[in-house]
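We call the chains A, B, C, D, E and F, going by the order they appear; numbering starts again at 1 in every chain.
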C-alpha cells in the first residue's frame, strides 16, 4: 500500500544559511533547531568548528527555500548570539519518495522509500514508529529495524 | 554612551574560501588564522574533517570580501601545504552594531550590542576587557560576564 | 555452520594508552594505526581534540593487553611526535563470538555473531567479503549487506 | 526558598564505560542514551572518533555507579552493535546542589545552584522551564535565561 | 628531473555536492569515498555534524567538475542512504604541480611540488612511496619523510 | 650545545580530570585552559562531545599530578559551569628531553629533542621562536620550520 508520492525533482532556489557561534550556551541548540524546522527549514544541522583564538564553536547551518530567508533570519538573530548570517545559493536534487506499510510481528509499520529514475534506491523504517514499538514491546530498537527491513525486502521480492 | 554605529546591511560580494589540509603540522593553525585576520579576513575558522584513506584533516575556511581574494590566496599558498583553494560566492547580512559602556564594580566596561531592524537582539561583554578584569581583580571570568550583563540589562530597563 | 567460538569473558589486564599529537602530519595516522594493530593492539582510534593555544590536535588511543605496553610504546615513540604517553587500567567485557556462513545470491558469506549470556545479541556481515562481492558483481554495498542480514535472519528463524 | 539540598561529596565507586561503534545506525543514538539514563546512568555522552580504516565512529560513554555495571551492559549489548565494552574506575566530586525559585515577569522559575565548600559557585536556570516559558510567551529563550539569571543575582545581593 | 607539469589555473565549473547522512552504517564510508574518487571526483571528505534530535551525523562532501554531476549522484544515491543531494557552484584555484625525484639512502624518491606564480611554495614526499620504504627498511615513516624533505631542500639550494 | 636534560621516567601519580560542559560560553575556554596551566596542570585539552538531548558539549580534560587535585578543582568549579568533576588514575611515561641550539640563516634557534632508551626519537623546533622569526623576517612559518629541521639533521649527521 502506497499513500504518498512526491516526484523526483531539482530545486534551484535553495539557500544554505550559516552562522558561527562562539559565545552561545550550547544548551539552546536543540531548541533553536526545532524552531527553525517549525518555521519551514528543510534541514538544520550543526558543525563543530574551531574559531579565532582557538575557541571551540558551532556553525549553525540551515537549508531553506530562498523565499523563507527573512523568517529564518528572524529566528537566528533573535534566538542565537550571532551578529551576522551568511548565505549561499544551492540546488537540491530530491528523490521521489513513497511511504509503504509492511507487516511485522507488532502490526503494520511504515517504510520510507526513495526512487531515483524510477528505481528503488533507498528504504528506511520510520524512526518514530519503531521507537514506539521498541518501548511498548520491550524489544531492542535494532531488532525492530531489522524486522521491518527484512519484511520490506520480502515484499519487494514478491512484487 | 554610544561611540560607534554601523548600519545593518547585506553584502553580496563575499567569498567563502576553503582549503583541505591533511599533511600540515596543526601547530601552525593559529598563526595562519591570525595572519589571515591581519590581512583583512572577516572570519576564519577550521572544520575538523575526515579525508581520503581515513586521514583526520582540517578544512580551513576564510570569509572575505571578493576584492581580497588574491591577498588571502597568497597567505594560504605560502603558509599552508595545500595545492588548491576553492571559493564560493556568499552574501552576508550584518546587524547594526553599537558599543556601549556600562558601570560595574570594577569600573566602566564595554558591551557590544547588535540591532535587527532597529531592535536590540544581541549584547555581549567585550572578551578582552573582561579577561583583563578577571586577572587583575582575581575574580572568576564568569562572574565578570554576569555582572556586565546584569548592569547592561538594568540600564536598558531604565532607558 | 560454525567454525570458531570464543567464550564470553572479562579481561582485567587491559590498558588504554593515550598520546596527544598537535604537531604531527595527519597523513601518517592510518599508517601508525595499522602498525599498532600489527603489533597486537586490540583497538586503535583517534579522537579530534583542541589543545593549548587552540590547536586542533589528535588524541591517539590504543587499547591493549598490559603485557604489550612496551611494544606499543616503541611504536608510538618512534612513529609519532609525542614526548609522553599516559595509560590507564581498564577491564574489557567481550561477548562470545561466532562466525557463521549464510547463503546469498553471490554464494555463501560470513556473518560475525555476538552472544551475551548465551543469547544472540549482535550479528554483522564481514565487511571485507561484502566489499569484494560489491566490486565483483557491480552491486551497491548496502544491497549486499541487506541481503546477508536478511538471509541470516531467515536462517535463525528456521533453527 | 530552597527545597532540596544534597551535600558536596566524593564518590569513589564510579565507572566510566566505553563502547566504540563503527557499524551502527547513528539514528539510534539518542534512544540508547535515553534508555541508559532511565536505567540509572549518571551521565551518557558520545565522542566522535576515527576508527580503523578511517571509519568515522562514535565512542559511547556511560558514567555510572559500579553497582549498576550489569544493567548498563545489558542495554549496551542489546541496543548497540558492539562486541565489547571496556570500563575504568573513576571518582566523582559533586558539588552541593540547591534548587531555588526566583521571581520573573513570567512567574517564579527555578535556578539550580552549586556550592563548593559552602560557597555559591554555579547557578543555572532550569532548561525545561525556560523552554516552556519561551514557547508559551513567544519570547526568545535567551531573553528568558537572561531574566532568570539577573533576578537570581539581584536576590543574592539582597540576602 | 621533472616528469610532469600542470599549469596553475582557475576552474570555474566546479561543484561542491553535499549529502547529510544520519542513518547509515559508518563502516561503508571509505568504500563510498573510494568509489567516488574512481568515478572522477576531485576530492571527497566527510564532516562530522549534529543533526536534528541530536543525532551524530556525517556530511559527505564531493568536489567535482560540473560535467560529472550525474555520475556522482548515481553513486551517492545507490551507495548511501540519503534522499537528497544539494550542490553549490565553486571555483578552484590550483597550483602548477611538478613531480621531482630526489636521492635518498633508500634510492630516489618522488616529491610533489607546487608553484604559485612561478615560485615554489609547496613540496611534499609521496606518501605511498615513503610508506613502502618504511615497511621494507623497517625505519620509522617520519624518518623517511624527514630525509626526503632534507634532500629536496639541499637540491633546491644547489640549483 | 645542550642546556637542559630531564631523565626518561614513569610517573604513576597522575590524574586525568574531566568535566562535561553543555551550558558554558565557549568563549571562556582558552582563558580557563591558560589558568589551569598556570596553576600546574601538565596538560589541558578539550574534546567535542554530544551530550543528552543531542547538545553539542565540550569535555574539559586536565592531566595533573595527584597532589594538585584540589587546586585544579578550585579553578574548574569557579571558572566553568560544571556541577561535578570526575577523575581517574593514570601513569605517564615521559621521554628524556633535551634542548639544543642549531644555526640557521636567522641566527641560532632551539630544537626540543626527545630520547627513548638513550636514542633520539623526536625533535621539534620551538614554536614561539619560529613564530617570532617568521614575523620579524617576513618569511613563511613553514620555511622557518623546514630550515631548523634541516639544520638539526645536518648537525646530527656530523656528530
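Here, contacts are C-beta pairs under 8 Å (C-beta built on N, C-alpha and C of every residue); 3 or more make two chains touch, one makes a residue touch a chain.
By chain, with names taken from UniProt: A, B, C, D, E, F = Nickel insertion protein.
Predicted model only: the values in this text are computed from it and were never measured.
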item: Each chain counted as touching chain E and chain F at once; value: A, B, C, D
item: Of all other chains, the one whose Cα centre sits farthest from chain C; value: B
item: Chain copies touching (chain B, chain C) - same or different residues, decided at half shared; value: same
item: Separation of chain A from chain F, taking each centre as the mean of its C-alpha atoms, in whole Å; value: 40
item: Geometric centre distance via CA averages, chain E-chain A, whole Å; value: 29
item: Chain A-chain D separation of Cα centroids, rounded to whole Å; value: 25
item: Set of chain D residues in contact with two or more other chains; value: 23-25, 27, 29-30, 46-48, 50, 53-57, 78, 81, 88-89, 127
item: Graph class of chain-chain contacts, one of line, ring, star, complete, other; value: complete
item: Chain E partner contacts - residues on chain B that touch it in the complex; value: 20, 23, 47-54, 57, 59, 73-74, 77-78, 81-89
item: Chain E residues within the chain B interface of the complex; value: 14, 16, 29-30, 33-34, 37, 43-48, 61, 63, 88-95, 97, 112, 114, 116, 121-122, 124, 127
item: Contact footprint of chain C on chain B as seen in their complex; value: 22-27, 29-30, 46, 48, 53-58
item: Residues on chain B engaged by chain F in the complex (per definition of touch); value: 25, 27-28, 31-32, 48, 78-81, 127, 131, 134, 140-142, 145
item: Complex interface listing, chain C residues touching chain A; value: 50, 53-56, 146-147, 149-150, 153-154
